[in-house]
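Paired with subunit B in one complex and with subunit C in the other, subunit A is shared by the two complexes that follow.
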Partner chain A sequence: MWQVVGHEKAVGLLQRSLKGEKLSHAYLFVGPRHVGKMTLAINLAQALNCTGEEKPCGGCPQCLRIAARKHADVHVVELDGRTEIGIDQIREMQHFASLKPFEGRHRVFIIDRAERLSHEASNCLLKTLEEPPQNVKLVLLAANERLLLPTVLSRCQRLELRPLPIAMVEEALIHRWRVVPERARILARLSSGCLGWAVSATEDEQLLHHRNERLASLIRLASGGMDERFAYAAQLANQFSQDRESVNGVLSLWLVWWHDLMLVKGGSGDFTANVDQEETLLSEAKRYSLTQIRGFMQSLRQAMAQLEQNANPRLVLEVLMFSIPKGKEG
Partner chain B sequence: MTSPVFYRKWRPQTFAQVVGQEHVTRTLLNALKAGRVAHAYLFCGPRGTGKTSTGRILAKAVNCLGGGDGEPCNACPLCEAITAGHAMDVMEIDAASNRGIDEIRELRERVKFAPNMARYKVYIIDEVHMLTEPAANALLKTLEEPPPHVLFVLATTEPHKVPPTILSRCQRFDFRRISLQDMVSRLMGICEKEGIEIEPTALKLIARSATGSMRDAENLLEQLVAYYGNKIELHQVQALLGITGDVRARELARYMVAGDIAAGLATINQVNHDGLDLRQFNRELVEYLRGLLLIRAGSEEALDLDADTLAEMRGLAQKASMDQLSKAVKLFREVDVDFDGFSPIPLELAFVECASTAEEAATMPTKEEAPPAPQAAEAKGVEKMPPPPPEIEHLRSRWRDVVEAVKGLGSKGQLDAYLRSACEPLAVEGDTLVLGFYYAFHKEKIEDPKYRHMVEAKVSEVFATPYKIRCTLIGPKGKGHLVEAALQMGARIVEEEE
Partner chain C sequence: MKLSCDQEKLSKGLGIVGRAVATRTTLPITNNVLLATEQSRLKLAATNLEIAISYWLGAKVEEEGAITIPARLLTDFINALPNERIDISLSPRTRTLELKCARFEGRINGVEAEEFPPIPTIGDGVATKIEPEALRLAIAQVAFAAATEETRPVLTGVKAEFDGDTLTLAAADGFRLAVHQAPLATPVAERTEVIIPARALSELGRLLTEQEEPVEITINPQRSQVLFRLKDVEMVSQLIQGAFPNYNQLIPQSYSTRAEMSLSDLAKAARTASIFAREGSAIVRLQIMPGEETAPGRVVLSARAEEVGDNVGEIDALVEGEESKIAFNSKYLSDVLAVLRQDRVALETTSPSSPGVIRPVGAENYIHVVMPMFVQW
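This part shows the complex of A and B:
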């Protein structure tokens, strides 16, 4: 049983390759965060080492140990709180790759967030990626393949994991994670097709709560004065130096919100993500012109890109505050 | 799982099998035949063009016991050992993993020893651009004058990163991207041997999307085989590559020209929902828009289209302006660079921008037609008699003409500069025009009778009405957006500096 939800195309391909003994030695799974890349990679590792009948069975000791991330032959190379994956980590991986499998049949190396491989590390990886030792499989996971070296890309079989249809996320939440339908509907829409996010939201009550808080502050800021905005920018900038991800989260939330405004304004409100805030969306959309909304979305995207490039967070955020459009009153 | 992937299984084993690099292989073959093999080669070129493969073939060719005409025989024990990768005298070094000076020192130590079995010790140093600077320098002496039994083959995708001192010690060969025909015929050969049935057009599509890299093409082919089995059709290749072949790109272009934002946004979201590759969709859209642009510009011959499509596009192109089309092509082309994953937002933003200009253009004419008429009347009136009260507005609107007229006069011919950016017309008092200056210096200059007369003459000339000039000081212009924002936040102006 493959645990991953959806992605029939990718699963089908892997299954066929497994059956025909034509599995490639290197795969690249491309897809947005939380879409199920890691789950699929773990499933693949299970299928390779499973001793059961229907691979991966999910019940045999091998499968269980891999699922618990305790298997000696399945390694995950990840960021570990650093900003990039360094050459040392790859060298260590290469050392393990040269050893025979310890308890399973295949050594599987999963490189999470491969776009964060440093330049040296990616180059170091090339030879192993092209011709690894026998019984070694590599799986690279990346959200943005553009950041990978072309030489890395061309050595892997690329599988695209696209965001799941919203209905599928909703159904999976209801049936597999036993979420109340009303809540599942909201989470599914908000997840924009990334099941992993929705699942973590079901486990973490705080997540939705935070979101509502952030949305409220966003709406307040849009109609508020400059001093309020600047105070918020300063607060965000402080937060950024400690925890980049959460600030990125705030900004993407804003982007989704303004995107919804654009959709409502443009007259295709069926596709909005914030389904629980329909009324606010409608009233807010009336306050802005389409050009204003578009302009601010561009500023938002620009700000996010600049933060990614290590611009001074405070300046970037303050400039962003300036460009919040002036809405009509009422 | 034991069968290796295509790009390893079908790695070329003789010079003849290396596709599309005749300029390299012929030179090498001639050198081998004449017994004039250099001691260091550098192979550069994009990924998947055969650098490492050629290096290995060269290692076999210099050591082969078969004694062919330069080509390795692939049958003698040495050739076999090298192909299998366990020949002791052919060392393949990954310079990206062993990039430090220590590794190179070790290599220098070992280079001295005579080969074990083969004639030459061959060092294939791959990804050589990743060597650290000290390591590269440590290699220089060995690379220039190695022992007679040593042959170096360096390979890299980024020759510009290799130090020039290394470049100048090697014979450099540039590998080219593989042409479409070469790639198709090579893929055809693999398909035959693997027993894969595939249409030539499908192969062409694979080759095109591989952009000149054989490894990419073989990878794609393998993926297709893994997914669809041994019988592959064109539409399956299209599906794998995410090519939509879809009418919706045209629809979107139509909505854009019509300025129908709602329908356009719905189309984009629908395309995204259906799981199509947005990047590919965008590419098709750009291609279509380019077609429209060419038709609008009157060069239809450049397009290879059937009559029906052409007629349809012509109709659409007539409705759009040249500006709008060129702007659209530009914006949507930028979208491609901008894509950060799977969000339709960049595409939507570009669409809204293009479509709203269309909307503006559609409503513009009515707006534009209204103002010009009264203005023209005003302009005519001016010539006959002094204009009625909103005179100052008129003066302001044509102030630029005055500035132009003054150009080249007085004060080293720079009088116009004083009028252009240092003052503005404030009011008209009878036959006197009041000019407000930001700084005293400029005011005094213009108040100088010599210059004042000049300006008065020119103003009167431009407006066909006699005017006198009076200057006042109004203080620095504006406060700048930063000061304004600060004021808004409750700041006070304590002191001003000029």
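This part shows the complex of A and C:
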């Protein structure tokens, strides 16, 4: 049983390749964060080492050890609190790749957030990626494949994992994770199809709480004065120098909010992500015209792109604050 | 788990298995050592997923059980205790190991034994036995020649060929090659070739110093692991995958000059030359001069460091063939001379640009090939 929810196309392809023993030596799973890339990679590692009938069975000692991340032959190379995956981590991986499997049949190396591979690490990886030793499979996981070296990209078989249908996330939450339907509905919508996020939100109350707090301050900003906005921009710019990721999260959150406003305005309120904020959405939507909403969404996207291109964060964010449309009072 | 054992024995055992405890690791539990009761013995085991070492020591077992404990902490604590009886008990609920020795006691939190990677056991497969001294010599004369860099993983290993009643070990790093043939105590059923990590063999060499009975060697049917069984100790090593280069092609079949000399003379001259060589480009030059009617043959070793100085040393030699010159990296020359046991050694050369061969005189089972360095003479 493949544990991963959805992604039938990717699972189907892997299954057929497994049966025909035509697996590629290196895969690249591309998809947004929390969409299920790691789960699928772990499943693939299980299928390769499973001793049960229906591979991956999920119940044999091999499958269990892999699921618990205790298997000696399944290595996850990850950031580990650093800003990039260094060449030393790749060298260590290559050392283990040269040894025959310890307890299973295949060694599987999963490189999480492969877009964070340092330049040297990527180049060091090329040889293994092109021609790994026997019984060695590599799986690279990336949210943004444009940041990978073309030489890395061209050596992997690419599988794209798209966000899941909201209904599927909701159903999985209810049936597999035993979440109460009301809560599952909200989480599924908020997850924008990334089940992993919804699952971590069920386990961590704080996650949802933080999100709502952030959103509230963003909504306040739209009706606040320039002083308030600039103060917020400065704070965000400060945060950016320490943790890019979280600022990106804030902006995405904002983008989803404005997208919801657009949906409500356009009469498609049933599809909004922020289902728990229905009233605020309705009243806010009344304040803006469709053109204004669309314009600001564009500004948001532009700001995100500029931040990625290393523009001065404070300037970018201040410009963004200027472009918040002026809503009708009331 | 409840048992008592001797502090000295436990300390020794932890020292032995400690060599296999992981230092850098993707699997944190491999920083732990496994303690498990086995009938009337205590088994200690550790693995870094490349080698695994198990050690058994006598203990008075009152209650069976198993646990893993951070290796460093346990070893340091046990080593600090007085040489007396240690009472060990495990509280299964909290997974805390309690140790009592004389007037000291300690409690260490452990992790369940089930989480530990399975220490490989090898039942069937290709099996043989070898005298510990023969194996130790073979490892000492070969393992140092393996590559330390991982650019070509197979070269970080030692090729082991089991054929009939002979074990051939070979290692090369691109600049030198060492081949040693050792007799097996019992012949193997089928010819088997594997590549064993040089690091694993060096660890084995260390363990062999106290061994007197023959060592059992077993290679599992999947050819992925090799087991060395010693008295009270078992070491399992993962094997390296890949094809080892055909090294027989690298051994020169003939020579034009052969110089035979005393090993200690040559080692001493090489050591002297290395003092200057290490200041410069690490080159030792050897000039082999045949004897004349009144004078014996000579080998002249010289080294030079630009703007620092130079030295020349001369030793007597029985020279066969024409005069010749060759230059070696001083480290490669000293390394091989350090592992030879015979009184006399022979150096065979063909030209300054072809490999030199070093053989112990009177022992046919070892050959060492060193690539020369290109220098202006």
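The rule we apply is simple: the second predicted complex is superposed on the first by the 318 of 330 C-alpha atoms of A that agree within 3 Å, B and C clash if a C-alpha of one lies under 4 Å from a C-alpha of the other, contacts with A are read in each partner's own complex, and residues count from 1 in each chain.
Just so it is clear, contacts are C-beta pairs under 8 Å (C-beta built on N, C-alpha and C of every residue); 3 or more make two chains touch, one makes a residue touch a chain.
All figures in this text were calculated on a predicted structure; none of them were measured in a lab.
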- Query: Once the shared chain is lined up, is A:Leu218 touching subunit B (first), subunit C (second), both, or neither of them?
  - Reply: neither
- Message: Between subunit B and subunit C, which one contacts more residues of subunit A in the superposed model?
- Response: B
- Identify the partner contact of A:Ile174: answer first if only subunit B is touched, second if only subunit C is, both if each is, neither if none is. neither
- Task: Using the superposition on chain A described above, determine whether A:Pro133 touches subunit B (first), subunit C (second), both, or neither.
- Result: second
- Query: With the two structures laid over each other on chain A, which partner does A:Val275 touch: subunit B (first), subunit C (second), both, or neither?
  - Reply: neither
- Have a look at where A:Val76 lands relative to subunit B and subunit C in the superposition and call it first, second, both or neither. second
- Task: State whether A:Glu92 touches subunit B only (first), subunit C only (second), both chains, or neither.
- Result: second
- Message: Which partner chains sit in contact with A:Glu103 here, subunit B, subunit C, both or neither? Use first/second/both/neither.
- Response: second
- Considering only the touch criterion stated at the top, classify A:Cys57 as touching first (subunit B), second (subunit C), both, or neither. neither
- Message: Tell me the contact category for A:Thr151 with respect to subunit B and subunit C: first, second, both or neither.
- Response: first
- Query: Which parts of subunit A are in contact with subunit B and also with subunit C?
  - Reply: 91, 94
- Item | Interfacial residue positions of subunit A with respect to subunit B in the complex | 9, 12-13, 16-18, 20-25, 31-32, 90-91, 94, 120, 123-127, 130-131, 143-144, 146, 150-151, 153-158, 160, 162-163, 165, 192-193, 225-227, 230, 255, 259, 262-263, 266-268, 270-271, 290-291, 294, 297-298, 301, 322
- Query: Tell me, which parts of subunit B touch subunit A in their complex?
  - Reply: 1-5, 8, 46-48, 94, 96-97, 99, 126-127, 129-130, 157, 213, 215-216, 219, 222-223, 225-227, 229, 242, 261-262, 264-266, 269, 273, 275, 277, 339-343, 345-346, 348-349, 352-353, 356, 485, 488-490
- Query: What does subunit A use to touch subunit C in their complex?
  - Reply: 68, 70, 72, 75-77, 91-92, 94-103, 133-135
- Partner subunit A, residues of subunit C touching it in the complex: 24, 26-27, 29, 49-50, 115, 117-118, 120, 150, 153-154, 156, 197, 222-225, 238-242
